[in-house]
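Across the two complexes that follow, chain A remains constant while its partner is chain B and subsequently chain C.
The block that comes next holds the complex of A and B.
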């Protein structure tokens, strides 16, 4: 019998959004267009248009050991070319941001190949080969998993996910990598690590509160969907809690 | 959290209320240089870190204003401050809490910095590690 993953429990819109992001068969809604050059500029790992620096010769040019696993697993484009491993890190506000660190890791593990995510409470980093990274970042930024005001790409000094929003609706950023321009468009004026860019990169208008509430993956009793309203999720988490507590003592359900 | 212009408007309106002894502005810090990462030490231009004018004196904002702690001499002042805040905060809500939020006694760190005869108006007002002094506003 073919296995159909459920991805997660819950009947609320938050639970459905989490499942949608995780399910690789679900096509994420494209919300904005960002050019490849803009992505490269904000990532800040190489200058736009330059060749990809390499960490080793392309796989085709080097002798590969006779390994059944290497025959089974096809290398990604980045691995094939011998690219360096580089990263993108996102900080997601707790005020209805459309994705959250744990959620990002789950979604990326289902959707992407050859990645190494690192998950923390307020930020999530994903490392992979540079040319794969640019593709993945493009998807993460252009689709419904991103909001210009509540999600930002921050390599270092990420503090802000749990703070109140600024009066213009932006997530706090000590380095002010992105600013809300007068025309209502968010512009990146610095790259991930806080180095000023040669030109500002427009990333789009912040989504409205209604859209955010409908596309968020975080429960929030004040600004969004309350956790307690999703009975199925509560039941699931209580079951996990019970089993974990009993585990080692009596690891069966009564 | 407030941008510098709104913070300036709020603070100017609040310092106009008689009966305020001390006032402290709090919030997440806006460092002058990048504190972490590969760009550490590079300048951090930030439109939120500005010099604002409060009650005729220049104040260098080092934080994005999120909380203002005010020490008042009389309880009636609190209601006046509430009236002022109601006029300023029309676009988004605010919270006004009443209580003891400043230090009342010198701690060990204060003792190390100011000695046994510390000026009690300084206690709890500035981080003892900082060298810059608070701004005085005359009425």
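The block that comes next holds the complex of A and C.
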């Protein structure tokens, strides 16, 4: 019998949004268009139009050992080309940002290949081959997993996820990498590591509170969905904890 | 689980003080207009001091407006003050860095420089092997000589150099025993009087544990243990003990019996505060990593001061524990960092953990009719999985909701590790205090972690991935190298060894199990008695108050060198 992933428990909209983001069969809603060049600028790893720096020759040009694993695992485009490994890191506000650190990691693991995510409380990093990274980042920024005001790309000095929002609705950023312009559009004036950009990169208008509440993947009793109200979710966690306590990591149902 | 209401939230005063003139329940504020690092009086003091130092030594130093983020100083948001929980004392975060806080240093100094040494073996050697008479008079004379010798003075040899008493005035030796008659014969200056320091029931029980034995509570000079290390304490103490026996009992300095006394003083009769760590940790005995959580619960004396409030007593253990284990042990000893201060302070500032914990106490009363103000083995709850799940779930949900309802509190605890440690501590304490079972408390901790992670899709730093997402499986285990009863776990317990934000709370959870039962001690009656001594520089019955005194520069430590350095 084929395994059917369930992605996660819960009856709330938060739980459903989490499943949607994780499920690769669910088509993420595209909310904005960002050009490839703009993605490259905000990432800050290479100049737009420049060649991809490489860590090794293209696989086709080097003598690959006779390895069954290499035959089994199809390399990504970035791996084929020998790209170096680079990163994108997101800081997600706890005030209903559409995605959140572990949620990002889970969604990326289901949707992307050849990635190395790292999950913390205030940031989530994913590393992979550079040209793969640009594709992945484009998806993460253009779709319902992103909001220009509450999510930002930050290589360092990520402090802000748990702070109150600025009066204009923007998440705190000590470096003010992105700002809300007078026309209501969020513009990156620095790349994710904080180096000033030659030109501002528009990343779109912040989503409204209603949309955010409907698309968020964090429980929040003040601005969103209360965790306590999703009884199925709570019971599921208690069950997991109980089974692990009694049986370790190979639980047997009583 | 069912939410209950608490009329007066303990953190409100702090939030209102920290965020003066602001709506502490609003999710909006202003940033980037605080004048950066100069908004903080303490940072301004640092800058002024550094300027003077630079002029004197000609080498640059603290320069936050140039060196931080390429010219963007910290302080783009409000740099908050903190109230040390339960004290009403406000200070700046910098004042809680252990380097800036003399009370914090003395807390650790007083532990590291302490060993307890039994006298029974030495007395047996003197009486049976050497035929010497041991009487209260000889013991008092020995203690007089020992209190001369322990700080570093000579007792037998000619032409010896000695330490300046003004530099080692914190060094002394007292004794204690469970035998009231013998205690009566000891000069009061040398006696830790169990009857006076403990309540009647606790004193009787402790005395029964000690019996007719007599122990020396030895505190070598702070300045010595600082210059050397914790492993020095038992050696220094044993050396002076040996010399004092020779002097007091007129022994031959070279006779073989002295070796027996030395062996007893150095090894057989010694109780170290911390056990020796494995070679890879490169630490001797009496260093923080070797302090068992149960023993730490006995070092802290808050249960003597608050016998009918196990929550308060446990919260004092949290404060003391996170300061030692997070700020000093992991923050500097182990990591080489500059002290993981703000991981730790979250658990003992602004009454936030206090509020979460007392919510648990109220919930216990409301649902289980458990009265935490009357600690007794008779009313503890059975530590079933269902009860632990219920308590930890409700306390954790309440804590998450408080952070959500008060965005300024979320901003106060701006890091996930801070919130994770605080919420899980409240859950663990509620479970351990009510069940009298340390492992049940640890189990509540780990349910909190899973629940936190799923609710907010985040937890702490990478380290939380290690122990907190697999902790359920080992919290009740007793298998070798996988589990242990809470009292015997410690900072070097396999899963706990490198993870900030946990060890102090674990120590408190373990202690809470005993405070909730009204036990006389957690692990060692000897340690409980030893640290009740009011002559110690640091008052172990009120560690958070002491840290607050250190923060506002009112605490006078030991080990100062002003007597032997040029006046400033």
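Note that the second predicted complex is superposed on the first by the 246 of 254 C-alpha atoms of A that agree within 3 Å, B and C clash if a C-alpha of one lies under 4 Å from a C-alpha of the other, contacts with A are read in each partner's own complex, and residues count from 1 in each chain.
Assume a contact is a pair of C-beta atoms (placed from the backbone, for glycine too) under 8 Å apart; a residue touches a chain by one contact, two chains touch by 3 or more.
Because the structure is a prediction, the values reported are computed rather than measured.
With chain A as the common reference, chain B cannot sit beside chain C without a clash. Of the two partner chains placed by superposition, A:211 touches none, neither chain B nor chain C.
Contacts of A:100 after superposition on the shared chain: chain C is touched, whereas chain B is not. When the shared chain is aligned, chain C comes close enough to touch A:245, but chain B does not. When both complexes are overlaid on chain A, the residue A:179 reaches chain B alone and has no touch with chain C. When the two structures are aligned on the shared chain, A:164 is found in touch with chain B and with chain C.
Of the two partner chains placed around the shared chain by superposition, chain B is the only one that A:196 touches, whereas chain C remains out of contact. Within the superposed three-chain model, A:155 lies in touch with chain B and out of touch with chain C [touch as defined at top]. For chain A, the partner that touches more of its residues is C, with chain B and chain C as the two candidates.
By the touch criterion stated above, A:52 is placed in contact with neither chain B nor chain C. Within chain A, the residues touched by chain B in the first complex and by chain C in the second are 157, 159, 163-167, 172, 174-176, 194. Chain C makes touch with chain A in their complex at residues 3, 26-32, 69-70, 72, 74, 76-77, 385, 389, 393, 397, 400-401, 404-405, 407-408, 410-411, 413-417, 419-420, 443, 446-447, 450-451, 453-462, 465, 470, 472-473, 475-476.
Chain A makes touch with chain B in their complex at residues 155-157, 159-160, 163-168, 172, 174-176, 179, 193-196. Chain B contributes residues 1-3, 6, 28-31, 34-40, 42, 44-48, 64, 66, 91-92 to its touches with chain A in the complex. The part of chain A that touches chain C in the complex is made up of residues 18, 94-95, 100-103, 118-122, 157, 159, 161-167, 169, 172, 174-176, 194, 217-223, 226-228, 233-234, 237-238, 240-242, 244-246, 248-249.
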